Structures are given as structure tokens and as C-alpha cells.
């Protein structure tokens, strides 16, 4: 029993990390119909902005601010301007592939210009553990969990309750009609990418103390988050939480009770059951009427 | 005219950390040698090719390297990549000084293949012996990374432990880059072993140590260089205390030469090299020593010159520690048993060369 | 005229809490031209989708040639000689007009394997070109269908339904957006096929002139139910129909 | 004018063929090896181009099929079978597994399908790595020979290159036949508008399964050539990264264009090699180039060419319309 | 009515050349819309009617020629500007946000409303007018029937109190009752001084409520005249109205 709780808690902690990154996937999809295969690298990069600032002897708070600013600029505005804008009209795949190239670009770029080594990353959350149901969980994990929840509910409310949020969704679903109604399409898309950039920066600051700052740390993270987003139902932000936590927990239980050798695949196949049973994902809306 | 070395290594992909350490250290060694006038008065020139951690690409690049008539080849670091490329080097008769640790590599009889570290066939018996005789473990749980490095070690240690009558009660494969070791540690706990053998890369070692401590595993944690190196201590903090095991190559070894090397490396690259770094460094000095023994720049003669060569640190400080290369291309030299105490690696015993 | 080619028996379709089609029954006799009319959102298109397998009815049966075809896949129903057009534009945007038409006919000849070994156009180019000429799309034959105007796409959709020489065609608002001259043309064509080949038509249409001229019988739906059935003249005079649908 | 374009295309084709036949004569062994790798990757990408580019079914598993083909050949060849047997097994096995992989596609689409194929790809990798009794696990399989065809050994790099080229020619001819048959049109219908296709009697289920099966079989075929090229098969090349790379080849070359994979594979295989002069930065430059290319032409390299010819055609049609329009005089009733 | 030449046209389209990519569809289209009138555009399929509207509304670029609205040059002006000037546009086909609810679709029509406009109140008023919209306000818009979607679009365009409405075939998919309703709305708008430019294939009904008529063919204005006269013109009937309309009038 203690084992079970231990596994559950550890799974939730990892799952919260996946969820945090997965939110970005669903956000981008829901508000601009883009899939960003560089999302993992987007989480990796802000940590290096911070490290670079720290190397220049900036205090931690300032370094984090600089990291956030740089992310908004590079991963938000610049990404949107240089990569997304020219490709948005051409469907999902070319842009997805382009972001795949971007992920190579960022990964290799960081490796060459900074280091191939993992660097420890300072945590702005206090260390230590709290005891919960007999399991020790780090405060870091708890804060990631809480943060992910807060972000999801805030974003959900923003998209659903505010006019700007709905304009963003409208832009994604039918940009030409949105333009025709006078929705500032460009600005809506920019908001989307700025929010995403802020999100990945914060995710980066929370996750890097656990995962370490390393050029390749986005690989597994990005993939896991992609899966979490799909399982949650790609077009629902709150699905990302469910998907992330489910993936984290299932992964741990599968490794403990099914097979460690096949750990990479067992959870995926269990989650495929979810997808085949509910093709729109756990929380997703059914596809629109086609005829 | 300069001496041309070509290095093919894992500079991107999953092995990037391995390959980059190897490359940086090789560069360091070459810079040092060139600063002192080179080998036999000739400067060394090196080209690095990136195998993307993919054996197929490595093969292509070794072919490319051989097309360029190098003096010797450095790398790769992944045993699989070594295995596909070794036949090409052998066919061309060019010495290949590489980083792979899989036991079988030097038993395939290529004749041009040379290690820069212990193969697992030398390190694992030492660990098995330590587990059986010093720790007096009757049962052991294995936690290993499922790539050619980890699997090779696991297979070897399993053989050695079984031969000594030690029972393997848990055999846990983990993934490279794995972040969450909760499930593995639960399994370790459930198997209730006398000792745990942990054979992972440095980062994963750190994470595994943290999780082992979190779940209060009290059995001794035994491993190789990758469990108790400086890097692991840096990443795992407190959790590293008590980890112990065999140390083949580490900058923390109680040898001034090794520590000096570590400092030079850190000064140049701003991080602590791991054992793969030392491999790249030694590789270059092995070539230097063999060449000087021959007294001429002769690529075809280099493999023969390397075989059976004993290099003393007194004569060639760059070799860091006396070593002997046997006729298969395996290394022999002293190694250590160490333990992490209060965030520092402490060497407990010095293990002599095997064939003294 | 022969007996019913199609029987719709008490078909019901629910979407969550919404009942779009609420127990509709009627027959289509071989060789007739049946009109289906009714206010917006009364379930006409949903009914078509249920008949043709695009949707599975929640309840009720669809019987074709005396065989129960409820829940069969659209492709199977199509291969029994029933084709259709769509209310909202449904063409293959990246294929040329001619390719659209060939595609519409190719699956009706031979088996899947024989198609692999057969001619590239399955011998359908002449027929496709006849269709193109008839619908006055000649200058657009090699254009991508996605670049046609609304009415042209509508015509292409109709042309596709005729490619395989069907026994029965279900048309969902064929007149919408089609120029009147062209519509007259289409009407003649329908009549001709009906007379010469005995093909059966079921037409959903809001253009009452078109319905009155063309149809031999009309079924009226409102709020998912059948509220009237009869000749065009009868229906037009029916007060319920006037109130619910026609207006004054 | 249509004839003009056709001649142009024929000339380009002939020139390309001549180039492929002659180019190895000017290359080092390494260059020849890379060209062989290009041929292999082109075959794999052509398969995915059928599944994705023509039929519109997203698959992240093409790399797994290359792996399945490679392992089939490696395992059977080490057991001493003549090359043709392992080759047929590789293709047949991939076809069958690809068919099965198509079933989820009948239920889910887009990113959900991407996920399912991704899971499959992960599973296949793990099977290669873990089922040691069959695959020798992480250590890989070595010691099988390059085939001897009609008594001619393909052991030398040059001979093997021509062997790869011949295999590429077979694959090309086969695929050309498929997409030029009515099947090709049905595949495109699947991509463009499955709902309409279904109502026109297109058995979308069977075509979907076929698209997966044939595409996968070509992946297996590529694998069957890959194994003797590298003369070593281990699990590491067949991770998800390979599938993604093949996907990139398809998109960069021009998804849904017959010769797209040729160009896409050239970019993905040859370009990094040309960029090696940039040392550590070569992948950065490569990635930047690919991004730039896609930003310039999201429809891929052949998309540019297609747009160009389409524009020429349109200009002509436009002129005709203008002339007809000019002949209409405004009437005053 | 064509006699009232005094008033400056509210919309003047002059020598417009436009098209898609390399394809030129409009080869110098010219016409005027008088203030407070309904003008109906008819013509064969593919004549370029929708293209004219798209060009006026800034969705396609005019390569040459000019569009003036109340004396202001609005050639190639972006939609947002046109909306604030008082133009609105209901395109042909399906133009909704499929995954948003009916109510949200409707509300988005008010995005470019000025500060003083009470959008919720107007939404309420429209729902009063089209009870269907209220009944289905929470439903995802894509699940509406074809005709219901069109009504939603028309309602949405009314949210901004336009001064000139461009409507592309409003009658497609609408039941006769609904067509009457919509045409009634257009007439009411005219009453309030709003001008309407409408494309219709349902030409008889449309011309009957129109003041002016316009025949477009191959991207050019063939005829522009009083609607009643156009309806009566046998040549127009023969060529564009299926040959039956002329007699009917």
C-alpha cells in the first residue's frame, strides 16, 4: 500500500510537469491551430537565458525576469513573426515540420554555444519535502502541481469568459471570417504566442531544478507533453492536466507492475485504449458536424 | 607537415554528452602536445566528425575519414558504432583508439582497435568481487541503463556475480534520460537486497540516488565511476553520500596528475569532465607514446607499436597513470575503490594492475 | 410505376437532447420524383444522412429494394445505385473538375483489384467530358475544383452524383446558388433521365417553383415530423404547410 | 503547351537518371556510401509519401518499418538465406503489419492518429532492443553479407550503390504504377474529402488500410536495403527520430508530389554532409536552412515548381477570359 | 426612381481589375449604388459577382480601379476600417466559427462596435427577431442546419447597424418563409436609409424588392438599370433568368 501511494505521488509529480508543458500544446492548437514540436525545447531554452544572466552575476530574481523577458521576445514575438506568420495559412503539417527543424536548431544551438553538459539550476521554490499520505513529496513538485492547476483554470476562464479569449478562438477556427468581422487577427495570434512563451518560461523555471538545464532535456518532455495533450483531448486546455497526470501515474504503475523493459510503450498502449474508446480524447469536444 | 587525426564521435543525439567530453579532452591533449612541439617535431591536426549517435552514420564517417588517409582514428564512444566501424579501420590497417566499453569489442580480433579505458570485462569482476567479498552481499538488485553501455555492464556483472554465488533478486532496466525512478526503487525495495548495483549515466545516477534516499533504501549502493564522480555529487547533493564502488577514471582520484588534468579541462571548458573526457585525453597520448616508440610517423606501423606498449606516467606525464596495452587492445592499470563521504569522493583502496 | 424502391420506416435521430428527426416514415416509388420540403432545421438533411448511412438512425429502419440497409456504410449504399449531393459544398478541392468526375464514377466498375490493373481513367473520360459540357464547365475542366465559384461547385457536385448512372439520386438543395438559366437546364436533365432511364429522384429544395414544376409528390417535414404528403398542388394548398413553411 | 511541359519533365527525368548513374564515378567511397543512403531513404520516404502525401494519413511509424525490414533481412541472412527470401519477407511482413496499423486510422485522425503510430513506433524500438533471443538486443546483428545478384557481388561500395539504385528504380516504378492507377485518385480522395468519397462508393476503409500497408511495405523494402548497406543492424537508428526525419523529407520535398521524396531525402541526407565544414554548427545551419526553405515554400520544394507551372497556365486562362470579356459590350437596354 | 440623380452614390465601383493569383476575374467592373436603395446583382455562375464583393471588402486586392464609399476612397482598405465606416458583408457559403456556440458567434459580430454600442442588448434584440437563435444559443454552431447557419450569419451582420450591406446570396438554403423574413429586414433597412447591395440567383423575388438591378457577366457590368425594367426586359429574362421570368413580369 505504501508502495502504491509512493508510486501515485511520484507519478502525479512527474505528471504535473507533463501537464504544465502540455498546456502550451493545447493552447497553441486551440488558438492558432498550430502544433509546436519544439515545445520541449521551448521549455529548455529559458533556463539557459537565466543561466546566462546568472553567469553575468545577476541576482536570481533579476535573472529570472531577464529569462522571462527574453522568452517573450524570442519564443513569443520572434517565433510568431519569423516562423508562424508565413506558414500559418498552409495547414498544420508544414509548420509542424518547421518546428521540428526549429527544435534541432535550438538544441544544437544551445549545445554549441553553451554546453553539452547538464547544469544544475537554482530553484526559487524552497527545497525540502512534505509528507502526504505517508509518502514524501518535494515542495517543488507540489508547486508545479498547483501552478499547473492555476494556469489551466486561468487560461480556461480567459478563453471562455473574456471577449479577447473568444476572439482568439475565433481566429483559430476561421481566420478569414475573423478578419471580415474586424477581429484584429494578427494581434490575437501574437497574444497566443506571447502567452505560450510566458508559460514555457515559467515551466522552465519550475522544471529545470528537477530535470537540470540541459540542451536535450526538452526531447522527452516535449514528447510526453504532446502525448498528454492528445490524451486529454487536444482542443481542451483542462484536458492537458488530466492527460499529464494520467500519463505520469500510468507510467509509474506500468513500470512497477508490468515491465520496466517496455516502460516506454506500456503506458502508451494503455492510453491508446482511451483514444480508441474516446476518439476526441478525455476532455475533448467531438469533431464538428461535417455533413 | 602535420599529423592528421580524425575523430568520429557522438556529438549530437543521445550520446552528445559522451562525445563532447571525448572531443573536448582530445582537443585539450592536442593543444598541449602542439604547444610543446608536437610529436617528433610535427604538429597534430584533428578533424571531428559527428556520428549523431547513429552507427550507420558513424560507418559513413569512418569511411570518409579513411578516404582522407588519417594517421589514426579517435572514437567513436558508443560500442555499437565501434563495432560497425572497426572492420573498415582494420581493412585499412589504421589504428582506432576508441571509447567503447563493451567486453566483446576487443575479442573480435580486429587488431587495430584500442581502448582508452577498462573494458567491462576488467571492471565488472572487480565490482563483483567487492560485492561478494567486502560487502558480503548474498542478494543484489541491479539498476542499469538500457543502452549498450549499461546492458554490457549488466550482462558482465550478472555473470561474475552468479559465478560467485550471489543471487540477482531484481534486474531493472531504465531508460537513458529517465527522470522518474520511483517505480524502479519500489521494485528494489520489494526485492529487499543486501546491496544495490547502480549502473547509469551520471545524470540518471543522481536522480536514482535521490529517489533511493527518498524511499529510504538502506542497502549499500555500489556502482562504477558513473555513480560516484564529481558530476553526480554536484547534481545529487546529499543523496550521493554513501555511494561507493569501483573508480577507473575520475578526476577525483588521489593522483595529482589526474586532478591537474581536471583543472586544466575546467579552465578551458568551464565544466568538470567525466570519464569519457579522460578517454579522449588518454587516446591522444597513447598515440603519441606509441609514435615516439616507433620513432617515425608510420600509420601502418602504429597498431603494432601500440600493442604491448607500457607507458609510464613518469616518462609521459600526459598518460596520467602508468598503463599497459595488451595485444587485444585492452588496457591494464591501477584502479580504485571509493566512496562518497560528506559530498567528497574518498578513495578507500587502490587496486593493482591485473597482470603485474 | 413499380413498388417502393426505398422505404423509410419510423426513422428517429437524436443528438444528445436534440431530436432532429422524430419518427418519419414514407416511401419512394421507383421512377418518381419526390420532393421533401420543410422549414430550416426541420431535419431534412439529417434524414438524408440517415438514409444514406452518413449517420446511424437512433431508431427506425431504412429499406432499399426490400432489403434492410440501416447502418450500412455510405459506400455500400452508393454501390447499390443510390447517389447524392450535399447541401454544403463537398468537392475534392485539389483535384481538377475532370478528376472529380472520374473519381465519382470509377468505384462502380470492376473490383478493387481490377481497378489497380485497369486504365488510369477507368475509361470514364468521355462520360466526364459529357458532364462537363452539359453543366457548361468546359473552360474549367482542368481547373482545381476548389477554385470554382459557389454555383459552379454546386453544379459539379450534382454532376458527380450522375456519373455512375445511378438508379436513385438524393439531391439536397440542388438549386441553391445556381443561376436560373442553368437551373432550367438541370431540371430538363433530371426529367430526361427520369423518363428515359427510369431513375428515381428525391429532392430537398426551398425553391418552390422548382419543386412544383418537377416533383410528382411532396413530403413536408416540420420539427422532425412529417406533417403532410401529397401532390405539389395539394401541398401548396395545405394550410398547415402554408403556416409552417410557405408563408404568404 | 501541355506537351511542352511533358517534354520538359521527360528531359529533367533523363538528366536526373544520367546524373545518378554517373555521379559515383567522381566520388570517394564515402560519397558513394552517402548516395546509397540517399537512395534507401528515398524509398522509405516514397512510402510515407503515399500514406501521408497522397492518402493524407499521418504516420509517425515509417522509421519502425525501415527497422522491421532491416531486422528481417539481418536475421534471415545470418541464417544463410539467399537475399531474395529475406527481401520478400521484409516487404511482406511490413505490408501485413502496416495493414494492421491502418485499423486505428479508421477510427481516429490527425494528431490522434499521430499518437497511435508514435506509440507503435516506440513499441517496435523496444522490441528490437529487448527481445534478445531474436534481435540480439542492444548489441545488434553483424556478420551478414551484401547480396550477390545474378552472380555479381555487391560487396564493393560502387557495386552496392548500383544495387541501391536498381532497388530505387523498382520502388519508383511500382509506386508510379499505383498512383497512376485509379487507386491513386482514390487515395487523394481520402485525403481531400473522405465524406464525399464515401458517398461516391469509395471504400475508404480498404483504401486507408491499403495506403498504410503499401506505404509500410515500402518502408520495409528500404530497410531491407539499409541492412546490407550498413552491414550491421542495431536498434539505435530506428527510434522515433528516424520516423520524424522521414516525415520531414516528405514535407520538405513536397508532400503529395511524386518526386518530392527524392528531393526531400537529398536535403535530409546530403545537405548535412555538405555542411560538415561548419563543424559543430552544421546541424544548426542545416536546421536553419530547412526552416528557411519551408517558410519560403510551405508546400515543399516541388510546391514551388508546381506553383510556377500553375501560374503559367492561369495566365493563359486569364488572358482568354479577358478577351472574351472585352468582346462583350455594355448594353443599354 | 432612376430619375433621382441628385444624390451622390453611396458606393462607386470604378474600373476594378482583380482576381486570384495570376487569374484576373474582374476586367474593369464599374457600377454605382444609390443611397437608401436595394441593388441586386445577377449574372451567370462564375461571372465574378462574389469576386466583386470580396474586392470591395478588402479580401482581394484590386490591381487597379477604385472603390469609393460616400466620397471616401476605400480601395483595398482593410475590413476593420470598412466596418467602422459602416459597411458590412455577408459572404457566400458557410462563414461561422464552428466550435463556438451560437451566442458567441453572434457576439463576435460586435467586435468592431464603437464604444457607445451596447452589444449584449443588440444580441438580445436579434434573438427576439430570430427565435431560432435563442433556442439554440448554447449549441455549437457547426451543428446547425445549413439554413440556420445562414440566418446566424445574417443576424451577425446586423449587429453593427451598417449603412451599406453587401449580401452574397442570402436566400441560399433559406425556406420561403425565411426568405420573406430576410427580404423584409432588408426593406426595413432601406426604410431607415441603409443601402443594400445584394447578389441573388433567386432573381425574381430579389428584383421585386429592389430599386436597381445589375447584370454582371465575365467580370463586367453588362447592364445597370431600374430593377423593374430589368425584370421586364425579355433579353435579360432569356439570358439570365431562365427564360421564364420575363413573361411572369
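Going by the order they are written in, the chains are A, B, C, D and E; count residues from 1 in each one.
Here is the rule we use: a contact is a pair of C-beta atoms (placed from the backbone, for glycine too) under 8 Å apart; a residue touches a chain by one contact, two chains touch by 3 or more.
Chain-to-protein mapping (UniProt): A, D = Branched-chain amino acid ABC transporter permease; C, E = ABC transporter ATP-binding protein.
What you are looking at is a predicted structure, and each value in this text was computed from that prediction instead of being measured.
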*Walk from chain A over to chain D along touching chains and report the minimum step count.*
1
*Which contact partners do chain A and chain B have in common?*
D
*Work out the mean Cα position per chain and let me know which chain is farthest from chain E.*
B
*Could you give the separation in Å between the centres of chain B and chain D, each centre being the mean of its C-alpha atoms?*
39
*Between chain A and chain C, what is the gap in Å from one C-alpha centre to the other?*
47
*Please compute the C-alpha centroid of chain C, do the same for chain E, then give the distance between them in whole Å.*
29
*For chain B, jot down the residues that touch at least 2 other chains.*
12, 14, 146, 173
*Listing for chain E: what residues touch at least two other chains?*
23, 143
*Provide the list of chain A residues touching at least two other chains, using ranges where the numbers run on.*
108, 111, 261, 264, 291
*chain D residues within the chain A interface of the complex*: 58, 104, 107-108, 110-112, 114-116, 118-119, 122-123, 125-126, 129-130, 195, 240, 244, 247-248, 251-252, 255, 280-281, 283-284, 286-288, 290-291, 294-296, 298-300
*Complex interface listing, chain C residues touching chain E*: 15, 18, 37-41, 44-46, 87-89, 140, 147-152, 154-155, 173, 176-184, 206-208, 244-247
*asked:* Under the definition above, what is the set of chain C residues touching chain D in their complex?
replied: 52, 54, 73-75, 78-79, 83-84, 86, 90-95, 99, 102-104, 106-108, 112, 115-118, 120-122, 139, 142-143, 160, 164
*Okay, in this complex, where on chain D does chain E touch?*
311, 314-315, 317-318, 321-322, 324-326, 328, 330-333
_Quick check on the complex: what are the chain D residues that touch chain C?_
178, 180-183, 185-186, 188-189, 192-193, 195-206, 313, 317, 320
